[in-house]
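Structures given as structure tokens follow.
After this come two complexes, each holding chain A, first together with chain B and then together with chain C.
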Partner chain A sequence: MTKPLSAPKKKNPLIKSRINHVIPAIRSRAALAMSCHASQGKFVLQVCNDCKSPTYPPRDRCPKCWGELTWKTQKRSAVLLAETTIHSTNNLYFQGHLPWRIGTVLLDSGPTAFAHLHNNIKIGDKVIINIMLDRSGNPALFALPRKASANMENDYQYRQFTVSPKNRRVLISDGRNKIGQELAKALIKAGAETVYIGNSDMNLLFDDQQNFINNPKIKMIPLNLLSTKSTTKAAQQYGGKVDIVINTAYYIRSGSVAFGGKIKELQNSMDINAHGLSRLAKAFCPVLSTRSGDKERPSVAIVDLLSIFSLTGHPSYAGMAASYAARLSLINSLRSEMQKTGLKVYTILLGPIDDEWHQNILPPKITHTQIARATIESLINGQEITAVGNVAKDILSRWKIDPLLAIKEMNQ
Partner chain B sequence: MKEKTHILAELAQAISEDSIKIIDLSNTLSPEFPVIILPAEFGQCEQFKMETVSQYDENGPAWYWNSISMNEHTGTHFDAPAHWVTGRDIPNNTVESIPVKNFVAPAVVIDISKESSTNPDFLITKKYLLEWEKFHGKIPAKNWIALRTDWYKLVGTEKYLNMQKDGAHSPGPDKSAVEFLVFERDCLGLAVETIGTDAGQAFDFDPPLPAHSILHGNGRYGLQCLKNLDKLPTFGSIFIANPLKIEQGSGSPLRVLALVDG
Partner chain C sequence: MKRGQKSYDGVSLCSPITIPYQRFSSETAHWWAGTALKELSSKTGLKPKDFDGLIFSSFSSSPDTVVGIVQHLGLTPKWMDHIPTGGASGVMAIRRAARAVQAGDASIVACVAADTNQIDSFQKTLENFSRFSQDATYPYGQGGPNATFAIMTDNYMRKFNLTREEFGKIAISQRKNALSNPFALMKKPLSMKQYMDAKPIADPIHLFDCVMPCAGAEAFIVTTPAIAEKLNLSTVKIRGTIERHNAFSEDPIQYRGGWAEDIDDLWQSSNCSPDDMNFAQVYDDYPLIVTMQLKDLGFCAKGDVKQFINKTDFTISGNLPLNTNGGQLSAGQAGAAGGYQNVTEALRQSIKQPLGDQIPKSSKGLISGFGMVNYDRGVCTGAVIIEADEIR
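So, the complex of A and B:
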């Protein structure tokens, strides 16, 4: 059984932290494709169009008959055939995490593969295989016990592939909005050590503020994403104490482009949604990067919550969608930048929210609690891209099949 | 002409000898300085924002400068008549067209700080002003009417905007006071330390927001978010309050100075 995770020890300040070595990033287009599927929590392997054989690792052609390969969902089940524990390596990343267990698994779908192993499995066990993304975004197989057990997600090796909030210190950029507030509660329930919630105006009380102040695990800090001075100051004060940064700030107003187009609202949207993210990242990412290699208490992730309409636009929320498109683009670039530092970048794509700013949109809509729950699950499961709610899932699936058609459908 | 030159020379000498002091009546523009908050469905007042273009770095090795943005009504600011619908059709109603002589004018300071400290919704009325005149003397024409509330001392605390679930709570004038100051005392405008010339709850007055409505509808001006009115005499100070020359501007952030006898 996996032991419950104990709180990290206080670091001896005289000991130099290990720097953030990362695993070399992926090379082939096929491996990149696998990482895309893995980032959405899918278990897919390439299957030959001609001989129908599944294959692993990712390749450009079938190794048996040179046929073309197509990604297909496969059974996650496998058997652990062999295992070994690595005690010495030239790989700088794994040097910081030794000893490390790996093994050979026979996938029920056919191929044999190397996998990273959960502590609770032994040779001969039937296991479940996840494709996880390592600190550089490489897809890797991870073998888990078939039957879930208490504290399973606390396994040391597994935690290197996830960004679970357990025992971690989390900063929520905007705690004034309901998403931030529900998320703070959910993070504490999920075992977060401390949740810092950003407050853009400490002199303007928000509903339920007293409850937040009374919670000893929640600390409210001044943080205004409209002000570079504020984000810089917050990072100077708290950047060294935060392991996960979650950007919940948003600005949503309805409006079109030409008839009734509101330039000022577009500017406001851009300033919070796009510039705000940039200010937050510019302030916090460099300082978090310096601790991403720490074995005891690493900084692990930047998480951004944004609208699914970032993919398609929306005729009644044109400015908001445009600013979210800019935000998504920035996040994609940030993910690439952070790959070199070992910090993961998570994207939570939200469907229309059941709030006062989405009154013009028909149900189904998602609740703040739903958003919080889905965000926590994505962190615990190591799923970099998550769509929340049926609308977001539907739009994302349509967009993946034919982006232009999805845009057309959303802008009818 | 000769006499006027003489007055200016005396003024210059008095300033250089500190027998006339210059008091800064402006708050510092910063992202933290509060802005007025309207009901959420309306467009909002933009806070002060500043992004560095270069600071002796790769973007400009020897120079430091910033890009700034804000609303015309952010920080210590001037309200032109066009700011309010009642002043939309009067001549010279935007900042660039206001006669510049109005930017240098005497001020009368009316101290309601005691009343405001015990009642944040304190309203100054015509009756109050008439009583005040009995004690201090008649308010002269073409003066700024400066309402001293000491509200500037609350900047940086939640009590400055004093926003509650039923809106903001801060002192200001009622309709009778504004009408008295405009029509019977021919004031130049109203100068306050609060976020607006109107009281926090004035949206529910009749007419709504009487200071904005009556002042601007009659070509008078507003100065808001001032500080240091407690350092001025009741009579005898001169305000220098010149807004930026913005084309069709409804107002402008500005540095307000007061000249007082040293």
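So, the complex of A and C:
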């Protein structure tokens, strides 16, 4: 059984940290496609359009009949056939994590594959295979015990593929809003060691502030995403102490483009949503990157919570959607930038929220608790892209099938 | 569609060349190939224009293939081939060159495998080995081939009830053979205790199950008996051959190779049996692969593989001399030349010009090749039965 995680030791400041090595990222285009499914937590294999055989590793044509291949969801079940524990590697990333255990699994859908192994499985066991994203952001098969057990997610190897908040120190960029506050509570519940919440105006009280201050694991810090000076100062002071940064900056105003929309609101939206993210990333990513290879206390992720309308636009929240589209674009670029450092970038796509800023929008809407829960789940499961709520899920699935049609439908 | 194999009459294998291996070399694959050709030339008197055929194999000549080598080394062949199959390249070179000579497409074919081993060569080869390994092997702990063969060994040991001691016996016997080979990189005897206590690399593979990557070159000539006689070269005949790629792809984990599919063709076309073999030079990147080849090629048909290993003496004076130069396990693995050293050693023993000790009787022998773990298993396999011909 997996042991409960013990609190990481305090770092000796005289010891040089391990550099942020990553797994080499050269992959085929087909493997990249697999990683897109994996980022949404799906288990997919290519299946032949003609003979219906599933195949692995990723190919460009069916090896049985040369038909064309399509990615399809497959059964996750498999059997572990053989294994090895690697004690020697010429790769700098894995050298920091030896010994490392892998094995060959026979998937119930047919193909065999190498997989990283959870410590609780042995040869002959039926296992569950997840496609995780490795430190280079590429797809990696991970074999887990079929039956979940206590502390299962604490497995050392498995933890290299997730960004679980357990025993980690998290910074929430905006704790003045309800998303940040609910998230802080949920993170503590999920085992986070400390949650720093940013407050853009320490002199201005917010609802429930007293409760937050009373919780010894929550620390309020001055952080204003509108000010480069503020983000820089916060990073200097706390960048070395946080492992996960979650951007909850949130600015929603209604208004279309030609009629009723105000340029000033668009500017505000941009400044908080897009520039704010940039300021946060510029301040925190470099310092977090220096610790992403640390064995005891690695920095692991940047998480951004943003509107699903970043994908499609929204006719009556045009400026808001535009600023979120800019934010999503920045996040996508940041993800590839961070691939070289091993920091993961997570995107949580939110449907309309049940709050004062979405009064014109019909239900279903999502609650702050729902957002917090989905975010924690995505971190624990290592799922890089998560849509929260039925609206966000629906828009994302339409957008994946036909982005132009999804945009058209949304803007009717 | 099955057709019998035509004979290899009118083909002679001669002039085995081994350029002494070096653990690391600052030279290039081109330099090593040139060194091998120079040595071939000084042994035979043949000049660049005399070779009308060339086969080349290398992992470290990038971006050059045989084309680059031809111009780099000033050859003007009318027939050439690039064989990118590592451990199977020697066997495949014999097959291709022999048919070219038989058909008259070429008369004197130089078969050359050369690889350098600069400090970062091995790493580069691993990283760029194949698309499947980049997508689905290399990112899994990056144990290199060690991890893949460890999984195969783990599976094989359970399937055939083997222990590490059987693999140890192979490694130790080959080390014994290597001690008389002045070119072998490993110079000290190996005991079972040393083998068992060695550093773990990827369970159940330990240090002495692994080869030492190095730089080196191997070469030989394929020509007609008449030309060989004119050049006063000792010759070896081909009795029969097989080749197969991606066999048994439905086996979840590799425990047999293409040899098992074509074994009958090999022995029928050669008109002999495993019992007739005076020696076996088989590809030996890991003792598991030696075991797999001997089993698939029919050497332990009457008993199980465990029994066979335990009762066979694999040393030069034994009942089945195996990898008599020490093989790659003890002599070193010079990249693609590792897929040629089994050929050159077999030829040398046949014409009684060994590097080290001579096998007492060496008229018939087996050469077997195994190459390219493209993903989870070796894809390329082949074997040749040879017979000593003229000794000059």
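Throughout what follows, the second predicted complex is superposed on the first by the 411 of 412 C-alpha atoms of A that agree within 3 Å, B and C clash if a C-alpha of one lies under 4 Å from a C-alpha of the other, contacts with A are read in each partner's own complex, and residues count from 1 in each chain.
Assume contacts are C-beta pairs under 8 Å (C-beta built on N, C-alpha and C of every residue); 3 or more make two chains touch, one makes a residue touch a chain.
Worth saying up front: this structure is predicted, and the values here are computed from it rather than measured.
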item	value
Room on chain A for both chain B and chain C (clash or fit)	fit
Angle, in degrees and to the nearest 10, that opens at chain A between the C-alpha centres of chain B and chain C	140
First (chain B), second (chain C), both or neither touched by A:Ala31	second
Chain B versus chain C as contact partner of A:Met338, first or second or both or neither	neither
Partner chain(s) touched by A:Cys285 [first = chain B, second = chain C, both, neither]	neither
Touching partner for A:Asn224 - first (chain B), second (chain C), both, neither	first
Chain B versus chain C as contact partner of A:Leu205, first or second or both or neither	first
Chain A residues touched - chain C or chain B, whichever exceeds	C
Which of chain B and chain C A:Gly103 touches, first, second, both or neither	second
CA minimum distance (chain B, chain C), superposed complexes, angstrom	36
Residues on chain A lying within both footprints (that of chain B and that of chain C)	none
For the chain A and chain B complex, residues of the former touching the latter	201-205, 224, 226-230, 262, 264-265, 268, 271, 356
In the complex with chain A, residue positions of chain B that touch it	30-32, 34, 37, 40, 43-44, 46-47, 49-52, 156-158, 160-161, 163
Interface residues, chain A side, partner chain C - complex	23-24, 26-28, 30-31, 56-58, 63, 81-91, 93-94, 100-104, 106, 112-116, 123, 134, 136, 138, 140
Residues of chain C that touch chain A when the two form their complex	122-123, 126-128, 131-132, 134-144, 146-147, 150-152, 154-155, 158, 199-205, 249, 252-253, 375-376
